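The same subunit A turns up in both complexes below, where it pairs with subunit B and then with subunit C.
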Partner chain A sequence: MTWRQRLSRWDVRSAPYLYISPFFLLFALVGLFPLLYTGWVALHKWSLIVGNQGFIGFGNFAYVLDQPRFWDGVVNTFSIFLLSSVPQVIAAIAIAAVLDANLRAKTFWRMGVLVPYVVAPVAVSLVFGQLFADQSGVINSLLGTSGVDPIGWHADRFASHVAIATMVNFRWTGYNALIFLAAMQAIPRDIIEAAVVDGANRWRTFIGVTVPLLRPTIIFVVITSTIGGLQIFDEPRMFDTFGLGGPDREWMTVTMYLYELGWAGQRNLGRSAAVAWLLFLIIVIFALLNFWITRRIASTDTRSKRKRVAR
Partner chain B sequence: MRTTFIRTAVLPAALLALLATGCSQPAAAPSSPAASESAASTEPVTLTVATFNEFGYEDLFKEYTKLHPNVTITPKKAATSNEARENYFNKLAAGSGLSDIEAIEVDWLPDVMQTADKLTDLSGDDVANRWLDWKAAAATTPDGKLVGFGTDIGPEAVCYRSDLFKKAGLPTDRDEVAALLQGDWNKYFEVGKQFVAKSNGVAWFDSADAIMQGQINQLPNAFSSTEPEETLIPLDQNQPVKDMYTSILNVSTNDKLSAGLSQWSTDWVNAFQKSKFATMLCPGWMLGIIEGNAKGIEGWDIANVFPGGGGNWGGSYLTVPAQGKNTAAARELAAWLTAPEQQIKAFKAKGTFPSQKEALTSQDLLSVTNKFFNDAPTGQILADRANAVTVNPFKGPNYFAVRQVISDAINRVDVTKKQSADESWTQAVKEFEALG
Partner chain C sequence: MSSVAMAGQLAGKGAADAARRRRVRMEGGVRRPGWVTYLLLGAFVLISALPLYYAFLLSTSTAADIAQQPIPSPIPQGHFLENVQRVLDAGIGFWQALLNSVIVAVITSVSVIFFSTLAGYAFAKLRFRGRSGLLAFVIGTMAVPTQLGVIPLFIVMSNLGWAGKLQAVVVPGLVTAFGVFWMTQYLSEALPYELIEAARVDGCSMIRTFWHVALPAARPAAAMLGLFTFVGSWTNFFWPFIVLGSTNPTLPVALQLLQASYFKDLALIMAGVVLATVPLLVLFIFAGRQLVSGIMQGAVKG
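Here is the complex of A and B:
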């Protein structure tokens, strides 16, 4: 083999790795290194102000797991996550179905659902602050006119979760609807026509044909909104002006607890890093769960494909 | 959260124009006394000055570069004090990247004092005795190092609604109100009870936690003793704080003196329009906030009195990080900026109330009146309130964590009304223990 040949063989073999390497180099720098460094910090008594104060093993983890506040945060996070993700996915599919129909001024409507997504979260929180104020809010005064007792949006734990989930849904439903819309438009029209010819009405076509074919997209949306939902920070933090989650931490999420330990009051980065790692573990467990569900759905997917071919 | 709001109200203005003006000064500067003072250092030097919100220094920078043609000033302005705070502590720990002069808020002082070895000692004969004693004492380490030059302060008075006072049969004139409220906190609460009895549902003050803030700032050692060194007082043994907590919540809930609002919340902001309360503890910077929130409401006035003596809430300092290359020149500029004459100009520009003794006797300051507060002589009133402050509250590294525990405890009773005072205190003691 000549040198030239060897070089070209090396080129063919290594080029793909080189092409993909920028991502992994960048990931090592801004993803892996901070992750490992956070683990290192979590094993030390580490103050935001004066820095490392010595190795203490798993002391920070023991402290965090012993705090009722941490578990409050976990419960709040999951509660807000479920209250936002479930209605959001259902509403997004419904909106996508409507947008998929033959509307006049299609682009206008499609861009319209994306508007909440481009509004800055701070502006959203200002608007919703007026809606969900306990004494002077719009919603409570509307409830008042119809004789219903005002709801303590900042006093009642569950009510605060509903209010925050509303803010999250406002922002993300349109975005997800567009993703579903794109997936719906990729469904071959002849399959739908075949269903119609077979005598299925619109509802039956939607449930029996469109939604099953959206499965991969639903999985994608569920996974992304799970990751986003478990890390939720902006909306609950801006739900009041102090950003700690209420006087009894009614709406404090795990990431807010992380922030409070590290940057508010205690300025204890070690404990904060321990929370970060625990959150990481929770997300990993959830990702594995997602993976398992995905594989199940994927296999039913291939089965249904086989069925279709048989038909 | 203390002085943040007043200053964030104004968005960062275009400062770039200032950058250009400094460089192009002709060498022949007027030989004013200030210029000849620093005749020794004429080498060209560039100083960066980091502030946040509004310090009112824009014109002063121009003036300084005119007096010192060799100095170029590069202003940096963070939009919020939180942003500035993160930047400050990150770069202070890293040992590089900070500006030559860095502004800090009084809330950061407990942390700043811990890192005093990373800051230039600013003490010197030229600035001795310049500030109100408590202002300088708060920024002085036990071994006598001055870590920051005081800029502004927040002396507290009582703001009140004269129209609501009138309806409830109380005096309305600000001098009579001052005489009426003269005394301790119990006196303030007693008058409040008289008011609420006839007020038809209007509360006496906005928030129980705001009253707590006023009272805690009058304790020299609220949460930790300093003899011989700092030790945190366990909350369950902290009788003075427990007593304040009990008495404030007692009048708030049983006597209905509190409007049950959390300061800065949407409900609190809207309550100004709905006239839900009649008095407020107001540091100087709060006047602008009341005026903004109560737009169109007539009757706000300010009385030259504060329960239990004097009180201060908020204020800032200028520090010179030791990591800078031109610490001597930076100290000179910081000293000039915080001199009484300059601070009065800043006060006129942006309303930052000066902390310098001499500035408090200046006619420019004393003649200031506020139209919204019924043409009250706010300059005179706030200067008197500043002189009435006697206590320098000690705020150690744990101060704000403990303060937050107390604040949460009060708000669980006063605002969300989910717990009784006793339940909430028990929880606060547990939360305090978890801080360790």
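Here is the complex of A and C:
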């Protein structure tokens, strides 16, 4: 074998590994290593200013789990997540159904629903923070003209969650509608036509045929929004000027608490790391739970279908 | 479909377009929806656009007027340029922030496109041991909340002396699992093996084959990936906020600074919001079509 041939063989063998290596290197450096090292930092007394001050075991975890504020953060995060994900999925499916009609100027409408996606969450929060202002906000003024008492969007816990969830929905509903639209268009038309021939009206066809066929897409959207939604930071951080999540931490999320412990208040990276690991656990458990529930629903569904076929 | 393609070859683009239009009209025997559908959609799009218009209205007003009139008049007032000037003079380094945002977004977009196409090409078209396992690993990492690694990442960046420097934001974003997955999906369908083999027979090395065959074939998907990366980078806040701080901000961090120092001056803050949002809105006018089809293609495959 000449050296040229040998070089060429080496080229063919090593090229694939060479080409995929940048991703794996970068993931190891800025993804995997930091996550594992977070566990290490969490077991130490570690300040932002002076660094590692020695091993303290699970002291940071004990401290964090003992803080009512941490649990407030957990409750707030889940509340905001539920208020943003459930209505958002329903609205997105409805909009997708409308977009699925044989519209004129299709591209215009599709682009129209996507506009909020290009607005940064920080900007969204500054605008909505004003729309939802307690005293001179547009929404309270409009409520006032129709005789409703002003709502304490920055004072009442639940109201603040509604306001923040509105921002998330504003930015993502159109985006998810396009995902559902694509899934709807992938449904073979003859299935829909069969239902119509069988005498189902449009509403029944939609609920009975289209929506069940969208299930994999719904699962995809819910799981991706879980991972992002439970780490929410930008919108609640910018909802008022102080960025602590309200006078009584009404809308402080877990990630905001993580930031406050590490960089703002105590400058204690060890405790902050403990929060990061706890949030990581919460996300993993919640994702697995999600997966398990959806799989169960899916399998009982196929079983009942099989029964129907057997009959 | 083949008849349309043939018409394209025989009679040029115009005839092909006409044939496509005819086809669409014929198979789209579905009737056009009534005005209620347009009304519903129009209302939704209007509601989506109103908060942005509201921000623009406030940015043309003055703080005093805003305090008096919670619901602004729908006609823009004349103070926009004056408010813009005040944002530029506000001491938050607006020009620097704009430049930083452009630098970070451009570098990460180009880099994500290049490295994702490279890896996607290997996963889609090259045979090697461990291919399917490694690809499954890449997809699995998309479910890992890597944002939670900020604390060690911050410690490392500080030790490197990168805190407050743009490379601290650029480097972690150089290639993404989503990008690799996206390009793998696209290239496995769009790039025929024959083209690769032809280049190899002609004596191209592996990297030359990638450069002259795979990269051009990847162009449509690469453009979409670049757009998503650009938008993601432009709107990113958490990590730049932590690692850059107030000395060398990107635009979202600059908006936070603006709010922190001038929270009573809504006209000023909203002018900042408008300035930070307009570049992406302009991009959206030209490239929104690609974003739409990118989301829809990703949904069907993913």
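General observations
Quick note on the criterion: the second predicted complex is superposed on the first by the 271 of 311 C-alpha atoms of A that agree within 3 Å, B and C clash if a C-alpha of one lies under 4 Å from a C-alpha of the other, contacts with A are read in each partner's own complex, and residues count from 1 in each chain.
By definition in this document, a residue touches a chain if its C-beta (ideal position, glycine included) is under 8 Å from a C-beta of that chain, and two chains touch if they have at least 3 such contacts.
Because the structure is predicted, anything quoted here is derived from the model rather than measured.
Once both complexes are superposed on subunit A, the partners subunit B and subunit C clash.
The partner of subunit A that touches more of its residues, comparing subunit B with subunit C, is C. In the superposed model, A:165 lies in contact with neither subunit B nor subunit C.
In the superposition on chain A, A:80 makes contact with neither subunit B nor subunit C. Residue contacts after overlaying the shared chain place A:107 against subunit C, while subunit B stays out of touching range. By the touch criterion stated above, A:41 is placed in contact with subunit C alone, subunit B being left untouched. Contact with both subunit B and subunit C is seen for A:241 once the two complexes are overlaid on the shared chain.
In the superposed pair of complexes, A:33 makes contact with subunit C only, with no contact to subunit B.
By the document's definition of touching, of the two partners only subunit C reaches A:276; subunit B does not.
By the touch criterion defined above, A:93 reaches neither subunit B nor subunit C. Of the two partner chains placed by the overlay, subunit B and subunit C both lie in contact with A:136. For subunit C, the stretch among 22-30, 112-120, 256-264 or 292-300 that collides with subunit B in the superposed model is 256-264. For the contact definition in use here, the residues of subunit A common to its subunit B contact set and its subunit C contact set are 51, 130, 133, 136-137, 241, 263. In the complex of the two chains, the subunit A residues touching subunit C come out as 8, 11-13, 15-17, 19-20, 22-24, 26-27, 30-31, 33-35, 37-38, 40-41, 51, 95, 98-99, 101-104, 107, 109-124, 126-128, 130-131, 133, 136-138, 140-142, 170, 174-175, 178-183, 185-186, 217, 220, 223, 227, 230-231, 233-234, 237-238, 241, 243, 255, 258-259, 262-263, 269, 272-273, 276-277, 279-280, 283, 287. Residues of subunit B that touch subunit A in their complex: 1, 86, 89, 93, 111, 114-115, 261-262, 264-267, 270-271, 274, 397, 400-401, 404, 407-412, 415-419, 427, 431, 434-435.
Touching subunit A in their complex are the following residues of subunit C: 28, 30-33, 37-38, 40-41, 44-45, 48-49, 51-52, 54-55, 58, 66-67, 70-71, 115-116, 118-119, 121-123, 126-128, 131, 134, 138, 141, 143-156, 171-172, 174-175, 177, 180, 205-207, 210, 231, 234-235, 237-238, 242, 251-252, 255-256, 259-260, 263, 266, 269-270, 273, 276-277, 280-281, 283-284, 288-289, 291-292, 295-300, 302.
Those residues of subunit A that touch subunit B in the shared complex are 48-51, 67, 69, 129-130, 133-137, 152, 154-155, 240-242, 244, 246-248, 250, 263-267.
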